[in-house]
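What follows is a pair of complexes built around subunit A, which joins subunit B in one and subunit C in the other.
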Partner chain A sequence: MTKGILIFAHNNEYVDYAKLALVSGSLAKKYLKMPISLVTDKHTLEWIKKSKIDSDINNVFEQIIEVPPPVTNNNRHLYDGKDKSLVPFTNINRCSAYDLTPYDTTLLIDSDFLIFSDALNNYWDVCDDVLIAESVVDAVGQHRLGHLDHHISDTGIKMRWATTVMFEKNEKTRRFFNLISYIKDEYEMFADLFRFNPLQYRNDISFSIAKHIMDGYTEAETYHLPTLLTVLDRDILIDVKNKDLIFLFDEKNETLAGKIQGRDVHIMNKQSLIRNASNILESI
Partner chain B sequence: MDKRLQEALEFSKYKNTFNIQHKTLKEKADAQLTYGHNGGLFKIDQSLITFVQMLIDQDRIKNVVLLDYNNNPTLVEDLNEFKDEIFDRYFSVVNEFYASVTEMKKSRSVEKLLDL
Partner chain C sequence: MNFGYLIIISEHAEVDYLKLAYALALSIKNTQKEGYDKVALVTDKAERVNELKSPWVFNEVIEWNEQSYWDGRSWMDQLSPWENTVCLDADMLFTRDYSHWIDYFVEYEDLYVANKSFTYRSEKITSDFYRKTFTVNHLPNLYSFYTFFKKDSDIANQFFTLGRWILKNPNEFSNLFLSDYKPKVLGTDEAFALSSKILGIENDIAYDLDFPRVVHMKGMVQNFPWPANNWSDHLGFYFNTNGELKIGNFEQTDIVHYVEKDKITDEHISLLEEIAWQK
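And then the complex of A and B:
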């Protein structure tokens, strides 16, 4: 039984997902000591060469799996502190993880999820086919999160966070990923059924619905991956010292300083993560 | 601004930074105290440690079934090995947590809290 980690990276003109994947993959390889593969496209591969990170990418990832660039008219606002940009959301092909992964058991992580511990190694042998992060916790406090961070809509089911997903290849998970693909294709119909806003496609919503259906339309007492420690995109990663990530947190329009160390963390402000990519890579 | 108010606000900022760090350290300890064994997941806490030690004292050591945190039965083939693992992990995590909090309490400014 092979085990490994899978990361998707499809660059757009605003976000260098390849660089994020390099940071995220390097940390995951260091702390989990597992092989890692990258799913990407030819444009991103060209950029990897052009930006001269190809040798680093080849050192970190044992396999680079090239797929066609995802086509999307899906846009979303990305914040970098108080600045915001409307950017294309290209990360829509995660439902193909089942077919693309070279591993029997796969940990699928977002490229903005940084691993600083071996906590996820506890979950490889847990008796469940699909494990997803059950909830999020905000680095500053839960008061900064809203109902829609925990549910897919005002009246909807619980939100699972597809930032981290672990799955074993078998018939049940094949059906699970096929269902996610169907939900993606029929997103508006599912929005009617589950009463969420379909304007922007979200992997978290598709995974949440698929899990809900596969669990028999219940809030089943199943295993799940650890709660995600999340730093919001209005917070800014300003420095990395040794293994400490130093942030400026936006708290009720005031700025608070704080640091996170030794804890796996989901950093939603991608631009500030890219600005500090070299510092993080040097600290590994 | 009145000096008394300014001092209070400065302390308030320090306290907010302190609380964020304390919270993330606590969550880090919580994550480290989750232990996967033979398909089950256990939260290592004082009651698990006490229960396991009690079973060992009763000579129930081989092929013991424990309920994990989802109340699923999990076979532990050798409870002594299991106990050694959870003891080691519990004390290394709690000692690290203690050292970090003690260090934080000595830092009386935001700059020192952040090692700037």
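And then the complex of A and C:
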């Protein structure tokens, strides 16, 4: 039974997901000591060469899996502190993780999820199905999160966070990923059924609905991956020293400085992460 | 084992409680094992039962109209024909087999009153929006909608006798025991809670258990992000031909206390009857 980590990276003109994947993959490899593979496309591979990180990428990832670039007319706002940009959301092909992964058991992580511990290694041997992060906790406090950070709609099901997903290849998980693919294709119909806003495609919503359906339309008391420690995109990563991530947090129109040390963390401000990529890579 | 459910209703100008009790009895017959599916009905108009298509779902029909005050449930211990009884509210539905709960109560308890409830999303209800009296006066959080008792039990006898006294004398008991926050109406839940507190038995009859699980569909405690008097303004209520019930996107597997009395239609009754006839 092979085990490994999978990261998707499809660059757009605004976000260098390849660099994020390099950072995230390097940390995952260091702390989890597991093989790791990258799913990407030819344009991103060209950019990897052009930006001269190809040797680093090849060192970190044991397999580079090339797929057609995802086609999307899906846009979303990305914040970098108070700055805001409307950018294409290209990360829509995660439903293909089942078919693409070279591993029997896979930990699928977002490229903006940084691993600084071996906590996730505790789950490999208990995962015989699909495990998803149960919820999020804001690094500053839960008061900054709203109902729709925990549910997909006002009256709807709980939001699971597809930032971290672990699955074993079997018939049940194959159906699970097929269902996610179907939900993605029929997103507006599912938006009517589950009453969420379909304006922007979200992997989290598709994964949450698929999990809910596979659990028999109930909030089944099943196992989950750990709650995600999350830094919102209105916060800014300003420095990295060893395991210390130093942030400026936006709290009620005031700015707080703080650090996160030795914890796996989901950093939603991708631009500030890219600005600090070299620092993080040097510290590994 | 002599066990049965008990439903107590009376005629009402706006609500057909017999229809609700009939739906509940059908759902019990459709989901519970033999020996755990007996239902007794207490009503002030027994002749109406014969108008139902399947009156046999009520194993016992007891005509009773001796008390004029609004809630006859406080007389459940006097009225039940069973040695072991679970008294239910009429506006409830069973969605799966709960007979293992009964095995526990019969084996270990003389009296047990539900003390928690859940939203349609299976979240434990923590809001006291409708239960300020309980919080402010430090009453145990009892729900009379699921009350188990043994007929020959001393503790049950004392508990129900005092409960009846409280319901007959609401002003006096509110004045003495609920002065920090007087309820507008001292109902059965408050009377049972106060009775258990005065007798000092709240930890014996309402300790923490994983069951009974009852979904309590009062609008303001459903964890909606906005105020909602009626849950049905925001959620669908879907019965299928197998008698399975969804509220919103959630399959219901616990007892559902739907509260809004118009939710049970003739169509729902027909579906439940079809299943009962095929069983």
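Some observations on this one:
Definition applied: the second predicted complex is superposed on the first by the 282 of 284 C-alpha atoms of A that agree within 3 Å, B and C clash if a C-alpha of one lies under 4 Å from a C-alpha of the other, contacts with A are read in each partner's own complex, and residues count from 1 in each chain.
Basically, a residue touches a chain if its C-beta (ideal position, glycine included) is under 8 Å from a C-beta of that chain, and two chains touch if they have at least 3 such contacts.
Predicted model only: the values in this text are computed from it and were never measured.
Applying the stated contact rule after C-alpha superposition, one finds that A:Y217 touches subunit C and leaves subunit B untouched. Judged by the touch definition given at the top, the superposed model places A:N58 against neither subunit B nor subunit C. Of the two partner chains placed by the overlay, only subunit C lies in contact with A:H147; subunit B stays clear of it.
Contact with subunit B, but none with subunit C, is seen for A:F249 once the two complexes are overlaid on the shared chain.
Legend: residue contacts after superposition of the two complexes on their common chain; A:K241 is shown touching subunit B, with no touch to subunit C. Once the two structures are overlaid, the count of subunit A residues touched is higher for B than for its counterpart among subunit B and subunit C.
After overlaying the two complexes on the shared chain, residue contacts for A:I157 are found with subunit C alone; subunit B is out of touch. Residues of subunit A that touch subunit C in their complex: 146-147, 154-158, 193-194, 212, 216-219. Taken in their complex, subunit B has these residues touching subunit A: 13, 16-17, 20-21, 23-24, 27-28, 31-32, 34-36, 38-41, 70-72, 110, 113-116. Across the interface of their complex, subunit B is touched by residues 117, 119, 121-127, 137, 139-141, 221-223, 226-227, 229, 241, 244, 246, 249, 251, 256-264 of subunit A.
The residues of subunit C lying in touch with subunit A in their complex are 121-123, 222, 224-226, 234-235, 246, 248-251, 253.
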